[in-house]
C-alpha cells in the first residue's frame, strides 16, 4: 500500500482520521463472527487503495483524469465515512439522531479543508455530487462504488463468511466511462450479478444476523435510556465526550464546530467502557441492558415476512412488567418490534452496461434473464426482540 | 484425504480408474486458462471426499445411513464419470457418438462388479436411481449433487476464475433429508442462490468461453474427419485403441465387453499425440485442423442471441472453397454454426427448501423474490466458427 | 466449530471467559498492521478447535486418551490465557506487576472449579504439569504446543504477514506419543524447521516491530505514571476496576478472590478510554504520553545488537529536560533503553523426533544439518526510545 | 497478466513456445500430488509476470533499466526453460543425454533470434552472462532468481503442499542493486531464510518424494530400454519425433538445426502415448516397465543417508533374475541404486544483504545466528528401487 502524496499522508495522520482506528466497521457483529473486529480506519485505507486501481484502469482505457481529479477522488473516498460515530450506525439511532453520518462527514471535510488551506475543495465538490464530471461522484457513491467494493470483500474476509466474497479487482477492471457516466463493460454482466447476489447474502446472513441485530438494538436502547436518564439530570459514568452527547439534544442546527470537535473524540471505547460501568447503575433498565450486553446474554430475536401482531407483543410486555416490576415504557426497552429491509438492486440509480456497439443499457434489462428485475423489489422483514425468560429471571 | 475401506482402495488402484489420471476435466479450456489441467481422477477423488462429509452431516442430523448405503454412495460417486472419454465431451460428439458417457460409466461399474464379486451391486442401483431411498441417488445426480459441488469449486480454483468459487462445505452442511428426499435447510436459500449464479457465470464465462469453444469444436471436427478418412480405408497414425474407434462405427448394441476394454485404454494422450502426427497428413482438412490445434491458431468465434443467417455462412463457405480449393463438405469443417444453451435453474427437478415448520417448497418459490423463477428459462445462444483469413492464408 | 459438551459451553458463556472478547491478542500491533484486531477470545476458541484435532489424531494412532483426559485438555487450553490482562503483556509490566498472567489463569481456573463443582480438577492438574501423563501438559505448554500452533497462524493471518503462516493442521497430523511424551514423526522434520523459522520471523518482524514496540512501551509508561500519580492521591478518570489497580499495590499475597473479581472486569476498553481522558490531565507526562498514543504520534525507536551508550541516553534526557521543562524522572518516561530477546529453538525443552525405528532424538541433532543447533543460541537486541524532536516540540 | 509488447506476444505465439503447453513442470509428481499438472508454459508466463514486477521495483528504487534491457530480461526469462524436454528432466537422463537443457534453450533462442531479425541479441547476452551489467543475469540465474521465485510458489500451489509457499512478491519488493549486483535489503533477512527453508522442504518432501522418484526413474529406464531396442533395429510404436531420438545418438556436435526442429515437436504426449502402446511389447523389460507406469504400480523405494550395500542389491538382482527369468542387465532396469542431493544454501554464489549503512554481506554471515552457514553443507542421500515382489509376480 503506498500513499500517493503528502497531503493524503497528513490527512491520514490527522487525529480526526486516526479516530477511525477506534471505530469498528461491523459494530457488534463480532458477537456472532468473532473475527469481525476490523475498523473503519482499515476500510478507508482499503478504499483509497482500490480507488488508485480504478484511476489506473480508467486512464489505461484513455479516460482522462487530471492529477487534481485523481487526488480529489482519493481524498473523498478516504473521508467518505469519517462522520461515522462509535459502533457505526448505533449512535445515529440513539444519542446523535438529529443528523446523518454523511452530513457529519461533510462537516469534517470542510473543517479539514480550512486546516489544509483549501486543498480539499475539489474533493468536497466531488463528494457532494457538484463536480461536473458525474462519474467521479459515482465512484464515491453509487450501486457499484468503491465503498461497497471494499466493505463487502473486507467484511466477508474478517467475518469468515467466504460466500460473501467478491472480486473487487475484477469488477474494477471492467469499469469504463461513457458520457461522464460510470458504466460496466458487457463481459462484466455475470460478475455484477454475482456481486449483487453476494451483497444480498451478506445483508440477510451477516449484517442482519439475529444475534447482531439483537446486540445492536440493545446498544441503541441502552444509549437511549442513558440519554433519557442524563437529561433528567442523573450523572452517569462517561467520558467528557460521551457526557456531552448524553446531555445535549443534537440537531442539524446546533451541530457546531465545537460539537464536531467533541464528536471527534467519541469512539467505541467511550461507549463500551461506559456500558461496563453502567452494569452497576441503580436504574434497573440501564443496569440490566448493560449487563446483558457485556455478558453477551442477548435478547431473543424472531424474524418473519409479515408484521407481528401487536397483541402478541403487548402480551409479552404485560408479562414482563409483572415479573420484573417494570413500567410500560421501561418494559418496551426489552420487548419491541422493528422492520428491516434490503433492495438487492435499485433501479432508480441503475448500473449501466456498455454493449460492444457502444450502447448503454440498465443491467436489469441487459441480463439474459429477468432475474435482476426480480431483485429490484425491496424486501421487508419484521423482527421482534424479547427476553429469554429463564435467563432474564435469573439475572 | 483418507480412503474409507480396502474395496474403495482397490477400485482406485484399478487400471480402469487410473486411466482418469490421463483425462483432463476441462478439455481444451487450458488454451484460455493455462492452470486448468486438472484431471477427472482428481475430480472423482474430490467427490469421494465431499461425499464422506455429506454422509457425516446427514448422520449428525440423525438420518440413518447404513454402512452399506454409505459405501454404495462412495462407490457410485467415485465412478459416476468413469465412462468419460478422452477430452471429456469431445469424443461423445465425434468418434464415440452412438452411446452416452453415462451408459459407459454403467458398463464399467457392471464390469467391476463382476471383478469384485458383486460388491458394487447396491452402488449400481443407487447410480441408476433404482434404490428405494431416493435421496441417495440425488446425492449422485441432481441440481445440487456432489458432482457439481466438487467440479464447480475445482474448475474455479484451477482456472483461476475466483468468481466461480462456491462454498461446497457450507452447502453440504445445510443438506437434510425429508421423506427420503434431499432438501436444503431454510437458512441455505441465499447460499443456493449464490451457487446457481456462480454456476451460470462459470458456464458463460469459462465452459463456453470463445477460445475453448473454438478449440473443442475443432477437436470434434478433426476426429470426425479422421474417422471419415479411416472408414474410407486410409491408415492414420494412431494407437491401437484410437485406431479401433476410428475404424469402427459405435452403437449401443455393438459396445461389447471387448469395446469397453479398448475404451479403457483410450485417453487424452492417444488423441493429442495422433493429432500432432496428423499435422503432416496428405489430407488437407486433417493436416490443417491438426496444425491449427497444435499451434493454438484457432478458428474465430462469434456468439449472439439469435441464429446467424445461413446466407452469411454460405458466403464464408464459398469464399473458403475458392481461396483454399476445398469441396463444400471440406469447407464445412472450418465454417459452421452451432447452438449452446444453459438453464441456470431447472424447475423440473427442483431444489427443495425445508421451512422451520417442516414444510417443503421449491426454492424458486421459497425465495424472497422471483429471481430464481426468472432463471428457470433456458438461455440459448448461437455461435459461428470460421478462419481468421489472414492466418489461414499463410498457414 | 463445534463445542464438545455443555460444560465447555458453559465455561465459554461465563463472564470471565466473555471478557476475553475485549482483550486484543496483539495489543498495539494494530498500529502497524491495521488488521490485527483479533481477540484472546478468538485465539482461545481456535486453540480448543486445534486441540480437538490433536486428540483425534492421537487416538487414530492408538494413543489412548480417555474422555475425561480429552475434556481436561479442552478446558486447560481454553483457559490457558484467561489470566491475561488488558492489552496482553502491558499490564504485567505496569499496574499488575506483582503476579504473572499464568498465576492469574490458575486462580481463574480454581475459581471456576468451585463454581462448576470440581469438574475442572483434572484440567488444573494437566495445566500445572501435575498429571502423570506428561504429554497432556506438553500439548498445553511446550515448544510445539497448541497455543503456539494457533497464535502463529492467527497472528500471521490477521496481521497480513503471510510469511509467518504455518500449517498447524499438518504439524498436528505428525504428532505422536512415546513413553507419555509428545514427539514428532520423522517426516515432520522439515515442517518443524519451517515452523521455527516462521516463528522467528514473526518475532523480529511483527511482535518486535519498532512501531509496536514503541506503542507498547509508551502504554506501559502511561500506566506506570498513572499509578504513580494515583498512589500520591490524585484522582484520575478511570473505571472502578482500573481505579482499583491504579491505587492498589498488587502482590501475589494480596491477590485475593476479591482482586480476581475486579480483575475479571478489566479489559482494553477500561485502559484506552481512560488514556483518552488523560490527554487533558494537568500532569504533563500523563497528558503528553496519552495524547501521543491516542494520535499515534509515537516515540522513535532504534534497535541494535549491542547496548546503547548510557552517555548518549543521558544526553537525550538532558536535552529533553531543558526543552520540555521536565524533571529527570519525568524525562525518563520519554527516553529509555530496554532489551528484547528471542530464542528460536530452546534445547532445554527439546522437540523430539521419532525415527522409523522407534528411537527419539532432539530435532537439533536429528536434522540433516546443524542449522537448528545454530538457532539454539538466544539472540538479544537493545532498543532505545526517544521523542522525534520536531513533533514533540509542536505538541 | 499483460504482455509488454508485440515481440513478446509473437514469441509466446510461436510453436516453439506453445510446445511448453504440453510439457508438465513437475513430471510424474502428479502420481503423488494429483493437482500437480501445471505446465512449463504456465511457469514461463508466470516468470514474465514476476520479472515485470522486479523491473518496476528496481526502477522505483532509481536503478536505471533501459527499455531494451527490460525487454531483454522479459525475453530471457520467458525462454530460460524452452529447451526442457518432455517430462522435464527425464529425457536428459535417457534419450537426449548428450546435451543439457540449458544448451538447447540457447539454441532455441538463437534460432528465434534469426526469425525475429536479431531482436533477441541482448536477451541472449543477458542469458549467457555476457552482458556487462551483472544483476540482469542474476535475475535470470542465481540463488534468488525469478525462476525459483515462480516455480517454488507455483509448485507449492498446485501440489497443495502449502508449507512450500513463499511470498514471491514480498521478496521481489526487497531486491536492490549495488555495483551492478543483485542484493537484498537488510529487512529481508528473515524472508530469505524462510525462502531457503521452504525450498529445502520442497526438495525433500515434494521433488524427491519416494513415489515421484520411483516413477521418474522408471520413466528414464523405459526410455533407455526403448532406445537400446531401437538401436538394435527393433521398430517400436512412436511418433516421428520420438522415433528420431530413439534411433539417433545425440551429442552436442550432431545437435543441428534439424535436430532442434524435431526436438521442438517432442513433448509429454509423444512419450506417454508410446509407453502406453509399449505395454504390449514383446520385450519383457519394456512391456513390464511400461505397464507398471501406466497402471501406477511403481517400484518400491528406500532412502537413507548412507550408501546401500552392493551385496544387498546384488542379492535382490539375483532373486529377480531367477523369479522373472531375466538377464543381469535386464534385471538392473528394476533394481538400482542412485544418489540424490540438495544444498539449501550455496555459498559460492552468495545472496548478499545490503546493510542500512550501505555495506554488503553474505547472508550466511549477516544472519543473527549461524544457521545459514550450517545449511551450506550439501546433503547427500541414497535411494534404492526394487519391485514389490507380490505385485511383480502377479503382473
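In this document, chain identifiers A, B, C and D correspond to the written order of the chains, with residue numbering beginning at 1 in each.
We adopt the following convention: a contact is a pair of C-beta atoms (placed from the backbone, for glycine too) under 8 Å apart; a residue touches a chain by one contact, two chains touch by 3 or more.
Predicted, not measured: the structure shown is a model, and the values here were computed from it.
J.: From the C-alpha centres, identify the chain that is farthest from chain D.
T.: Following the centroid criterion, the farthest chain would be A.
J.: Mind checking the centre-to-centre distance between chain A and chain C? Centres are C-alpha means, answer in whole Å.
T.: Each chain's C-alpha centroid was found; their separation is 33 Å.
J.: For chain A and chain D, let me know how many angstrom lie between their CA-based centres, rounded off.
T.: Spacing between the chain centres: roughly 52 Å.
J.: Can you work out the whole-Å distance between the CA centroids of chain C and chain D?
T.: 44
J.: If I count partner chains per residue in chain D, which residues reach a count of at least 2?
T.: Within chain D, no residue contacts more than one other chain.
J.: Judged by the touch rule stated earlier, which pairs of chains are there in contact?
T.: The complete list of chain pairs in contact reads A-B, A-C, B-D, C-D.
J.: Taking the complex as given, what residues does chain D use to touch chain B?
T.: Touch residues, chain D against chain B: 13, 15, 18, 21-22, 24, 30-31, 34-35, 37-39, 41-42, 45, 158, 237, 239-240, 265, 267-270, 272-274, 276-277, 280, 294-297.
J.: Residues of chain D touching chain C in their complex?
T.: 162-163, 165, 167, 170, 187, 190-191, 193-194, 197-198, 200-201, 204-205, 305, 344, 368-375, 377, 379
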